Each structure stands twice: as C-alpha cells, then as structure tokens.
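My structure is below; once you've seen it, I'll send some questions.
Per-chain numbering from 1; labels A, B, C, D, E and F assigned in written order.
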Amino acid sequence: MIETVIRKRIEILADQAQAKHVTQAIDDAGITGWTITPVTSGKGREGRWREERVMGTDKVFILTIAPQEKAMALAEALAPVLTQRGLLLTMWDVEVIRGERF
Amino acid sequence: MIETVIRKRIEILADQAQAKHVTQAIDDAGITGWTITPVTSGKGREGRWREERVMGTDKVFILTIAPQEKAMALAEALAPVLTQRGLLLTMWDVEVIRGERF
Amino acid sequence: MIETVIRKRIEILADQAQAKHVTQAIDDAGITGWTITPVTSGKGREGRWREERVMGTDKVFILTIAPQEKAMALAEALAPVLTQRGLLLTMWDVEVIRGERF
Amino acid sequence: MDAMGIQALTSPVVLFFVLGLLAAFARSDLAIPEAIAKGMSLYLMAAIGLKGGIEVAESGLDGTVLAALAAGIGAGFIMPLYAYWILKGFGKLDRINAGAVAAHYGSISVVTFVTAIEIFELQGNPPEGYMVAVMATMESPAILAGLLLARGAGSNEDQSTKELLHEVLFNASVVLLLGAFAIGWIAGPEGFSDVEPFFGAMFKGVLCIFLLDMGLIAARRIMDSRALTWRLVAIAIALPLVNGVIGTALGASIGLDTGSAAALGVLCASASYIAVPAAMRMALPEADPGVYLTMSLSITFPFNVLINIGLIGALAVMMTGNGAAVP
Amino acid sequence: MDAMGIQALTSPVVLFFVLGLLAAFARSDLAIPEAIAKGMSLYLMAAIGLKGGIEVAESGLDGTVLAALAAGIGAGFIMPLYAYWILKGFGKLDRINAGAVAAHYGSISVVTFVTAIEIFELQGNPPEGYMVAVMATMESPAILAGLLLARGAGSNEDQSTKELLHEVLFNASVVLLLGAFAIGWIAGPEGFSDVEPFFGAMFKGVLCIFLLDMGLIAARRIMDSRALTWRLVAIAIALPLVNGVIGTALGASIGLDTGSAAALGVLCASASYIAVPAAMRMALPEADPGVYLTMSLSITFPFNVLINIGLIGALAVMMTGNGAAVP
Amino acid sequence: MDAMGIQALTSPVVLFFVLGLLAAFARSDLAIPEAIAKGMSLYLMAAIGLKGGIEVAESGLDGTVLAALAAGIGAGFIMPLYAYWILKGFGKLDRINAGAVAAHYGSISVVTFVTAIEIFELQGNPPEGYMVAVMATMESPAILAGLLLARGAGSNEDQSTKELLHEVLFNASVVLLLGAFAIGWIAGPEGFSDVEPFFGAMFKGVLCIFLLDMGLIAARRIMDSRALTWRLVAIAIALPLVNGVIGTALGASIGLDTGSAAALGVLCASASYIAVPAAMRMALPEADPGVYLTMSLSITFPFNVLINIGLIGALAVMMTGNGAAVP
C-alpha cells in the first residue's frame, strides 16, 4: 500500500489582472507552487460575464496544494482583499502521494 | 484566525448545448452564482470524444458553491435528467471565507 | 431524497505528452472513464512555465471518478512514475448520484 | 469521372483532405487548435454568403430562384422521411437515433457545398450565386422533420417548441450565411472590392487547412467509433448517392443551369456535421453522436468530397444537356 | 450625414457590425472564439501601427505633428475631468466608478478609429499617417487622470505607483501600436511591400469579422446588464457628441487637414473598451465593469460607429472649409 | 555582415522579433493567444512545404538533391554526438539532459530556416525548393541520436522502441512538411495559383506576427529561467556557429548553389524548439525543459535570427565563390 498524506487544496477564482497578486501571496506563504486553469464564463452578484478575453476582464482559477498551516496563512493573507478584489476562495482536504513535496 | 464555513461545491459535466438548462436549474435553486470552465476531451461508456468544438458537441464543467440544502435541492432537480442528458455530477464539502455570500 | 454514494475523485496534472500513459493507466485500472481539462500556466520546483502549447510542453488535468479500491489501484500504478514523469496527483471523496455508473 | 474527376483529385483542396485522413490513420499527433478550426468555419460561411449575395446583386434574380428555393426546402422536408424509414428498418436504429440521423441527411454541409463549387468552377460550370441562399434555407427544414420523427418517443416534452423553433431559425450557420448574403447583396461589387483580398482571394487556402482538419477529425472519429455497423456504413454511402441523383434531377427539371443543378444535387447529397449535431445536442440529448456524427462526418463527407461530387458534376452535364466541355 | 453617411452605412464593415447586433438581439448562438477575437485585435493594432509608420516614412514630419500630439495628450488629461464631474453629479456614480468611467472616455478606441479611417477614406478625406501615433499616445493619459480622480477614495494605497505607471506605459496596446509604428517607419515603403498582402490588403476583411464580434458582444452585454441607468445611457451618448465636437475643433484650430481633424474628433469621441478595462481590473478592482464596459462598449461604441463618425466627418469638412466633395 | 546584414536587420520580419524581445524585457503584458500561435506555426509549415514542392515540380530534381538529403541526414546523426560530448564535459549536464539538448541541436528549427530564406531572397540568393525536403528529413535523425545517447541511463525501458520510432517518423511537423511538399509537387504551379494569395502572399506577414510571439516567449523564458549557467549559454552560441560553418562547407563541397549551401548551414546551425521538445516530453520526461528549451529558444534562436544567418549567408557567398553581389 502506498502512503498518502493530507494536504489542503485551495482554489481561488480571480480576475486575470489580479492573478499576479494571488500567486505572489502564494509564494509569500512559502508554498511550493501553483497551477492556473482557464475559466469561460460565470454569474455572480454583479451579473453575468462571458467572452471577456478581448477586453482583458476575464477570470482564471488558481489552485495550490499546501500543508494546513501554510494554507491557513494564505487564506489569512487573502481574506482582507477577497471582497475588494472580487476573489472567490474555496479549500478542502485532499490526499496526495509524495507529501514531502508540498 | 479567520472564520470559514462549510459549503457544498457541486461540479457538473454537461454538453455545451445543455449548459443553459443547468445554469437555469442553479438559478432556480436560489444559488447565488456559477462558473463555467472548459473541457478538452474525455472517455465514458459512449466512447471517446475530442475536438468537438467545431461540431458543437463539446462539453463544459459548471461549478457552483451553495449551502447544503440548496445543493441538495439542485441535485434533486437535476437527478431525473442526469442520464437522459448525459450529465455527470459530483459534490463535496469545502471551506469558504465570507460564507454569507453563498 | 435522492441517494448519493461516495466515490474517489482523482485529479492528475500531467504533461500533455504523458496524458496517453495516464489515461491508459485509468483504463487498465478498470475505471469507466476520464475527462481532460486544460491548464494555462504554473510554477513548481522547476520554475515557472506558460505559453507552452506551441512547444508541445504544455500540461493538462486528467480527472476520473472511481470507487475507493480502483482509485487506490490507480494510485499504486502511477506512484512509481509520479516523480520521473513530473505528475501531480490529488484525490478526495465526493458524493455522486447514480453511483452504479462508476 | 475521367479527366474532370482526376483534375479534382489533384486540386490542393482535396489533397489536403487526403493528407488529413492519412495523417490520422497513421496516428500522427497533427492537430489544428479548435479555436482556429471554429474560426475557419465561420470565415468560410461568411465568405460564401458574401460571395453569393454579390453575385445576386450583379446578376439580379429571375424566376428560377424561387423554384430553386422551393425545391431545396421541399427536399429538406422530404429526404428525412425516407431516410428515417431506411435507418429504422435496414439500419436497425431506434426511433430517436433514426430521427437524429435523418435530420443530418436532410440538411446540408456548407463545406461539401463549398468544395463542390471549387471543383465545378475548375470544370467551367460555376453555379449561380443564389444557390448560397438555397443552401442557407436548406439547413433548417430537416432539423424540424427529424425532430418530429423522433418526437413520437415523447422524450422531449420538456423541450419547449418555441425554444426549438428559435434554434432552427437562428442557429449560428443560418444567421451567418443569410446575414453575409444580405451584406453582399446590399454592398454589391464595389463595396466588396475592398474586402475581396480577405473574403475572396484567401478563400481557397483557408479551405485547404479546414479540410486538412476535417480529414484528421473524420479519420480519428472512425477509429474511436464503437457504434458503427456495416449497415450504417452502407446507408451513409447509399443516401448521398440517391439524394445526389434526386437533387440533380430536380434541379435539371426546374430549369437550372448545369452548375446550379449539380450544386442542388450536392446539397441534397451532403449531410450536416456542424449545424445539425449542435441542434441535436440541445433538442435530442439522448441521441448518440457516435452514430450520427460518425456517419455524416466520417463516411458521407469523405465519400462526397472524394467521389460523389465528381459523379454529380458528370450527371448534371448529362441531365442539363450542356455544360463546359471536359478539358 | 446625407450621401456620405449612407455610403458609410452600406460599407461591409458597418454592415457586419449591424449583423452582430441583430444576431445577438435575436439570441442567436453565433460566437467568435475568444482566441480568434484576441488575435484579430492584435492584428488590427499591428497593421494600423505599421501603416501609420510607413506613411510617416514617406511623407516626413512637419510641425503640425507636434501640435497634434500635444492636443491629443492634453485632451486625454482634460476630458476625464469634466466627464468625472458629470458622472458623479448627473450620473450618480460613486467616486471609484466615476473615475473608472472617466478614464474610458478620456482614452481612445482603436477599432472606432480604424473604422472611421475606412469611412473617411471612402469619402476622400484620409487622415495623415501620424494620427496613429497621436492615437497611441492618447491611450494612457486618461488612465492616469481617471485613477487620480478615483484615488481620493484611498482604496488603492497598496497598489504601488510604480506598478501603475508601468501598466500605463507598457500596456499591450501601447507597446504594439508604437512598436509597429516604429517598425513601419524604419522599414519604410519597400520593406512594407512584402508584408502588404497581410497587413494591408486583408485589413478591411478582418475588420469586418472583428466588428461582427463586437456587435455580438456589445448587444449581449447590454442584454445581461443590470447596472445601467437611463442617466448613464444619456451620458454615454452625450460625451462622444461633445468630445467629438471639441476634438474636431481642436484639430481644425491647430491647422490639421480635414481627415486628420476628423480623426482627432473621433479619438476624443471614442471610449476605450480594451486597454482601459484591462488596466482598471488591475488598478481599480472595486470598480464595476458592468458600468464602465457596458457604457463604452454597448452604448458609445455603436453610437460612434453608426452615427457619430458620420457627424464628425461632416463637421470636419465644415470646420476646415474644404475636404473632398460629397460624391 | 555589412550592407546585407543591415538590410536584414531592417526587414519587418526581424524587427517584429526584436519588438517581441523588447516588450517582454520591459515586462509588457503583450501576448499572442496560444491557439493563434499554434495555428500560425502550422500555417508556416504548410506554406513552406507547399512552396518547396511546387518549386521542385517546376525545376525537376537533379543529382545534387540526393547528395543534399544524405548530407542533411548524416549531419543530423553526427552533430548530436559532439554536442553531447561538449554538453556533458564543458556544460556539466547529466547524461539525460545532455542527450536531450544534443537532440535539439542536431535537429532543425523551421522558423529559423524560413527567416533565413526571406533574408537570402532579399540578398538575391534564394535556396532551391528541395531544401524544404532536406529540412523535413533533418527533423528526426537527431531525436533518435539524442535518445540513444540519453538511454544508457536506462531510465526509459518502459518506453517501447516502437512507440518512439512512430513519434519520430510521424510527428506533426514531419507529416505536415512532407505532406504539403507532396501536395505542392502533385498540384504543381497551376494548382498552386488558386491558393497563392493565402499560402504565398500572406506568408511574410504571418511570419512577422509569429516572430513577435517568439520574441515574447524567448525573452520571458530567459527571465523565468533558473537552470541556465554561463557554460550552457556559451554552448548555445558556440554550437550554432560551429554547426553553421560545417553545414555551409558541406553544402559547398557537394556542389550546392550559394543559397542552398547557406540554407544547409542554417539548418545545421538551428536548434529545434517545437518538434523536439514535444518528443522529449514524451520520451525523456525526466529531462528538464528549463535547460533544453531555454537554450534553443532563448539563446540560439535569437542569436541565429539576429546574427548567425547573416554570417552564414556571407560565408556561403565566399565558399561557393559566387552568389549575388552585395547590393
């Protein structure tokens, strides 16, 4: 049986223009890495958006795997700007193999 | 320490052509929003698909964050058409900050 | 009330060029299907990457839903090549409707 | 299919399609990005629509146009009927899949039409510009017919008829084809001259790359296919043969010129693989794209491009009793 | 707006924009892939930059160029001031949103400019090549002005001024426009001849498809909009009218030819919907794109393309006392 | 490198590359969508393949072609050998990374070749059409050689040789280049005339935008790079210098004309950054793209485009003892 360890997976929905701030916060929290995936469209309190790539108002998902404490540190760091910058943050526990990497 | 609350994260894989029905169901369940992300290819019981964007037979992921009851209401609403419409639905608990938004 | 069952959701970040090996491993584990989603950029121990589609060095997410035993079989099968092939694997429990499909 | 056919087969347009088929069968990883392929298909529709509209602005309309429109719409409603009957009987498909496939064969393929025009022009028999309008109007009737045939199954009561009609009338191809046709008609030849380098001169080159992609996709789809039986393959070849003859005869009988009669034949022979699959995904989600898309895209489309367009061209020369001499 | 205006309205460029608007209002699913749209916008900027640089290489520069640059930059700083005042007062926006919207109206829209050039050329009044440089330099001042206006709110203390200045000076449009302008200037007409088929001949056709997409996006955005009030709609029409008159008068007063004065009018009248929204997302994330993007893209842009460019062209003929006769 | 070199440096193609480098170093957010860049690279390969095939259809083949093919394939197998030895020794890379890098330098870069052709044509020394076939056949041998060198490490026993050979023979670039070459040969000049506006006239413009993107990517990659040492930078400049001289001398010695000898020199000097990285990702996943891609794309490619092509062109004129006079 392989061994797995528990890590936090954090996914942050952010404006493309804010992505640099988020990845900077991840680096600052001492987390080893992050991955960005594209987003097509969505709806929230501010209404629907779509086809925004041309206007530079599109969004991306930024996901990162981190140990519990670093994940909480990241969440603390981002909490004050979540509303102001329109970020959406969810996190949950996942099992990873080779946990020493994260 | 920041406070987090538990919400359900629901992800639905659907044909692009069915996306409108799913987002309508999310709106009808009183959930505040949703986000659509692209899908490249896949394999299921009906075999492999890929490069379908030109033919309009491509798929998307629709994800939504909702409180437990609304999530279950959405699942109930979609359950009867899951098979007929070829939807794939998974959900799990996540922590969110600013839980009052969802 | 609809019934849901618990399945493992496994997400594997892999080089596009390695995707065929991963999906083959999923098929070999007797899992019913998989779905591939695109990835835009990322940062890990080997530094930052982006805009790699032209060079054929881009990455994808491969996700699959499977019962616990099959998921563990897949993880066992992939564990030895995780580091060598630069894969990143996370898994967690999700609820699915129509569990007999997976 | 002698000199003319061979000439067609050495045109770069057809050769790129063959290259795509061969590359995919050899399991090469050659692939065109989806966004590019989608963009090219929109370009081809806009360009062909514009071109048709401009030709109509130049030549004006005569009585045969109405006859051609009526013939096209009529064929669009009737072809699915016997297709459905054959698909259920000989093809052993259930009601829903038979209806879905019938819709594809009653509708048309823009790219088959466009490839045929290139070949007929090479042969000195260019169809009239109004045939683009005929093509656009033939997109939708078969969708309606196919859905009515499948609907008896009662599975789509929750799909409102209004939504359906909307999709049928305002789907992307119909809007773009007819819109560009109208723009060409309004702008006329002078308005067109400025955009000719883009919509005119580039056309054939874009068509080459698009057909390269279609070759790749058609071959990959047939290799991944699980649902295709020999009966369905036979139907996917027989229907375009039969429909091609019927369409060409119809065209000749209402007095169309050689090129236009051949074009009507090709429209009837062709099966949709862009507009109709998209509509089916919405209106008949239970139908299996592994059946309808594989038949229309992987069997009928190559058969039409490589063989049937040549046959129909020759048939039209015979039926209309004239046309350009074989070079 | 008589013969000239009508001629403009039957140009394929404008007709494709109208087609996009109509298709979206009819809720058609017609859509251009984002990557294609992004690619087209980069192409249009590279091509217009090159073309301007080549014209300057051919004609050389005279004293009016500096005057035009100064006028453009000055207008870019001043227009946001009264726009902000109107948006806060009459428009009832808060400080942050008023500043963000003001930045859009002080800056320029490349595609409005390019469409205007096509129309003015049709009318025999082509603007000078250096107006492209004027356009590029007018992108940024208003961003600075708008941010200064919004900043009082103190919400962006964490956004370093250095980062902001960087964005303003090196944002993608400014770099591409000025870079291509420099390349055109260096390469000159001979260097350009080889790339003319791509950057020159194709230009208008690409513009057609891009405007089709802009029509689709503008109409969809207004249909999804929740934040638009009648007051904001009124401002989104009044500002381009006023700014267009001011810009044209400014151009005439510093001695620009008819086409260039009209071009300066259009630059002042136009509102950014590519460069400035991207900058605002970074520097003013609290501002609502549902307000600024909907105003500039869904109201002002169509108003300029369909009506205001024609008005400004006619005004410039009057103000400069010459220009080509109406055909 | 006097007049000729300067002329090359003021060609729009090279200037757009420089613009890309500068924009990225200035940390501008200018970026070309990946789908567009991928589409352009496919277009460039299809167009250059077609063009080569048509030239061969026109001029026929003589004995030197076989010699050129043999020289190219031979060089493809031999260059990785000394490259590997230098990379392990002086470069201090491990076996796997040395093998991976060696494969890149033994293979070729289509875009470097294409840029060189543009420059040699400007200078009046166009290479023969068959050099495209030489290029296509030079893609793969070095991949095999590099893998054999790296394989000693035994890390890839699970990678079946069959799969590998397949990738080497049917990778996307080889298939597209040789396929388009064959199409050009079959269709010939008449068949080509219809698609010339797309594949011919547009070519140089597309190359401009593609090089803009390569400039952006090359500069960004070097700024993000962690793995590059001064030793590797030195090798990434020395290898193209040496290989360029060897290739040009080889070409002259087997009797190629000036342009073709120079083209062979450029092929030897160039390092792959599209086909080989993709193959390495599959066959040698442990190798570090931060090493091989940064060396080939961020050092060697700019060095070749900006300096080495000019040197090789001048060398070929000297070595073949003729060629067009320097203008």
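In this section, contacts are C-beta pairs under 8 Å (C-beta built on N, C-alpha and C of every residue); 3 or more make two chains touch, one makes a residue touch a chain.
Since we're looking at a predicted model, the values are computed, not measured.
The chains touching chain C as well as chain E are A, F. Chains that touch both chain C and chain F: there are none. Two chain pairs are in question, A-E and E-F; the one with more C-beta pairs in contact is E-F. Taking the mean of C-alpha positions as each chain's centre, the chain lying farthest from the centre of chain C is E. Centre-to-centre, using mean CA coordinates, chain B is 35 Å away from chain D. Put simply, the C-alpha centre of chain B and that of chain C have 19 angstrom between them.
Inter-chain centre distance (chain B to chain E, centres taken as mean C-alpha positions): 39 Å.
If you average the Cα atoms of chain A and of chain D, the two centres end up 46 Å apart.
In chain B, the residues touching two or more other chains are 37-38, 53, 92. Counting partners per residue, chain D has 31, 33-36, 38, 197, 201-202, 278 as the residues that reach two or more other chains.
With chains as nodes and touching pairs as edges, the resulting graph is of another kind, matching none of line, ring, star or complete. By the contact rule set out at the top, the touching chain pairs are A-B, A-C, A-E, B-C, B-D, C-F, D-E, D-F, E-F.
Residues 33-36, 38-39, 42-43, 46, 50, 166-167, 170-172, 175-176, 179-180, 182-183, 186-187, 191-192, 194-195, 197-199, 201-202, 278 of chain E touch chain F in their complex. Of all the residues in chain E, the ones that touch chain A in their complex are 31, 34-35, 37-38, 41, 155, 213, 216-217, 220, 224-227, 273-275, 277-278, 281-282, 285-286, 288-290, 293, 297. Looking at the complex, you find that chain E touches chain D at residues 10-13, 15-16, 19, 22-23, 26-36, 118, 197, 201-202, 204-206, 208-209, 212.
Residues 1-2, 4, 7, 9, 23, 27, 32-38, 60, 65, 92-98, 101 of chain C are the ones touching chain B in the complex.
On the chain A side of its complex with chain E, the touching residues are 15-18, 46-51, 53-58, 84-86.
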